[in-house]
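Lettered A, B, C and D in written order, each chain numbered from 1.
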């Protein structure tokens, strides 16, 4: 079987260089180009790239994708900064090039995506749901974007299912003890030297609890999702937003 | 809105008496009958039961269900001992009474069922998967039936997805250290005074792990699943095997 | 070997009746009296009690202990409400009756006491320490008294060792996300149906974390500590405050 | 206050280069020498080193320590392969040079050492104790040396306290399900991609459990212990074996 011909754009960055190694190590892939800042996009066509992994910057992502889509090169995009306008622009490029696909994912960690999906699915079956996220102490925001997003998804699922508000008989509390309130879901942020990025969704009902925990121990945790994206995007024309759509979760 | 008229058969047992209390406490239900050993099944029709929760014994469950189905009373069944023959017999009764439904569930804990379902969904995305179950030390079998079943579901999902065998470089091991092998999935059984029934599915890939943990802290953990079953079975004619089919997981 | 002759005062309460069963089940003890409200304390002397387990109410505990100490009956006391005055009074009774011992313990759970002790010992070796407590949602206060006490002990140990303040680069936070501040130690309170009483102390430093977790799954968790107290108090004259003093932790 | 003058021997290795960075980053230390293979030990005296961190190989450690002790340079030693003979030899060198100290530690992770110490202290208070260790799947031995050592310490503590054998009613078990038996303590070894080195000691008694968990997320986890060793060894003449002796745990 011929190998998938993959290029990495933004190959010198921390995640990009990790992606270069991951593509090289994948038995079903061949790394055909690794572009850094200033390298010409023509390299992609010259190298016969089928998929480009785009890990650059909001300033350059649109130019890179315009070129890729125009040349029928599928995209797997980790760069952030997506707005309605940008997505509409990208969609119009894709419309003009049927057969070409682009996957944009805010999070390429399969574990993080599954945690959010499972939390969403389970949320309506339990009286109580809380989120605890744990990160290294150099992090500037609390709670993490992932935890806030997870809590919002949980809240939406419960609202849709008509769940009652969570039980909580607290009458005397130290300020902050019960965490942040994100759409009615308490979210707690722990900051601990030694940790990287971790999240726990705790669900409880009569006599039982269900805990879904994701631990990121190294930033290489994005690689399996990027490789999976590259394998799937070649047969998924158009725009896909979110890795969960490639996980066939039903 | 009129309340759902629910009966409990086997109301004197440990789970049965818990079910009686749970039905009584449910705002959308009315307990119309609670039958113990020797009580007449006619009580069910006399009381106008819409649903019967059957928590008795393999010796009596078939007679009870024959009566219920014949009288159009839906069934929610926790009694075990189901064989191909018994299921075929029950199906023939249900065929003769369209509109009547029976739910049989080997496990009414929603948390346990979700754990198995999520483990199955996630299994193919991770290089490594192991199961750790933890129970009180009076338990006679190891691993638990639930853990064995979970491992089998994981193994089947991985087989279907064409996953490689799990990586394991162990060359020197004390006997038993790496757990029991259930279809290629290591399963470890902990026995600890103070525990009831707990299970953890650990999944790992490059740089990240996902853990799904279920804790049963009290045998009342079956009640939310039984109530959910009663609410759903009235609009689900025919035989349903497994609570997961009522959880709309996609 | 002759058995230890133990009485329970407050034998009809939830913990008291549990204590009656625990003493009866202990092979090295004999339950010689079980007093409820209104029963005469003379029963204790008549029965030849060596140790009285006192589980009543602040209103009655002083009378009960005055009687016990006066008659050389050792005490194991779970009743709360101790003030400087009460302790001084009790000490004076004990001074007058050398050889007699009384153990008062705010918490008879050995696991809870060890968690606090270990947290205190470990606290000065880690840059970061946080406490997460998890309880059923009917609890009125947050954080729990045990979690607050644990955080205070941690803070005191760090202060004594001259530890720097904990690192925390948070600049943007939702209100409450970082928990309650107890003497500089963040404490987070989770409320979840299905739980009883649980506490986790998380300690982190470069490249590693240490977690000490205590789970109370049933209120019988106080029994091993009460029995241990009864066995030890007979050879420990005078007043002992806190079960930790009977654990020989060095 | 003058800074502690520290040298690293074996400065090019994975742990050694980490130690170089850690000493450089410590505010109370000055890195005065970093020796690789072939570098002369005279560098140490020339640089005025007070403490040498020895992270080389069993082949070279004795020569290195002979030199250090002879010149009154204290040693902090992570190199393995210690025998009775070697320890006796080192002790005789130290006897000839009163005031000089050497710390040898099989494990410089403070978290790992505390886990073992706490497990040992707690073991006799619980009916049940089991150990679960979790490592990356490239590990050759199962269980890990640390887990085996932990179980042995637990077993010794229970034996000394006269504890009964652990309760276990298992009559039907898949081979390996109940783990390896280390002196009567069940030890379970999980191998999972994404993990580094983790260990959990689970203790259970009536109604409660205590869990002590150590997570090594990066091999830099040995640095705080090495630095603490360097600070303490200068005032601890003679041979100290095991970091626990520098933790003042009572």
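Annotations for the structure displayed:
Methods note: a residue touches a chain if its C-beta (ideal position, glycine included) is under 8 Å from a C-beta of that chain, and two chains touch if they have at least 3 such contacts.
In UniProt terms, the chains line up like this: A, B, C, D = 4-hydroxy-tetrahydrodipicolinate reductase.
Because the structure is a prediction, the values reported are computed rather than measured.
The chains that touch subunit B as well as subunit D are A, C. Any chain bridging subunit C and subunit D, meaning touching each of them, is among A, B; the list is complete. The chain with its CA mean position farthest from that of subunit A is C. Residue numbering at the subunit A/subunit B interface overlaps substantially, since over half of the positions present are found in both copies. Summary of the copy comparison: rotating subunit A onto subunit C for the best CA superposition needs 180 degrees, to the nearest 5. Here the spacing of subunit A and subunit C, counted between their Cα centres, is 46 Å.
Distance between chain centres (mean CA atoms), subunit A to subunit B: 33 Å.
For this pair, subunit A with subunit D, the centres built from the Cα atoms lie 38 Å apart. Within subunit B, contacts with two or more other chains are made by residues 126, 194-195, 203, 205-209, 215, 217-218, 221.
Chain contacts in this assembly form a complete graph, since each chain touches every other chain. Against subunit A, the residues of subunit C that register as touching in their complex are 126-128, 130, 132, 134, 137-143, 148, 166-182, 186-195, 202-209.
Against subunit A, in their complex, subunit B makes its touches with residues 22, 109-112, 114-115, 118, 121-122, 125-126, 203, 205-224, 228, 247, 249-250.
Of all the residues in subunit B, the ones that touch subunit C in their complex are 194-196, 215, 217-218, 221.
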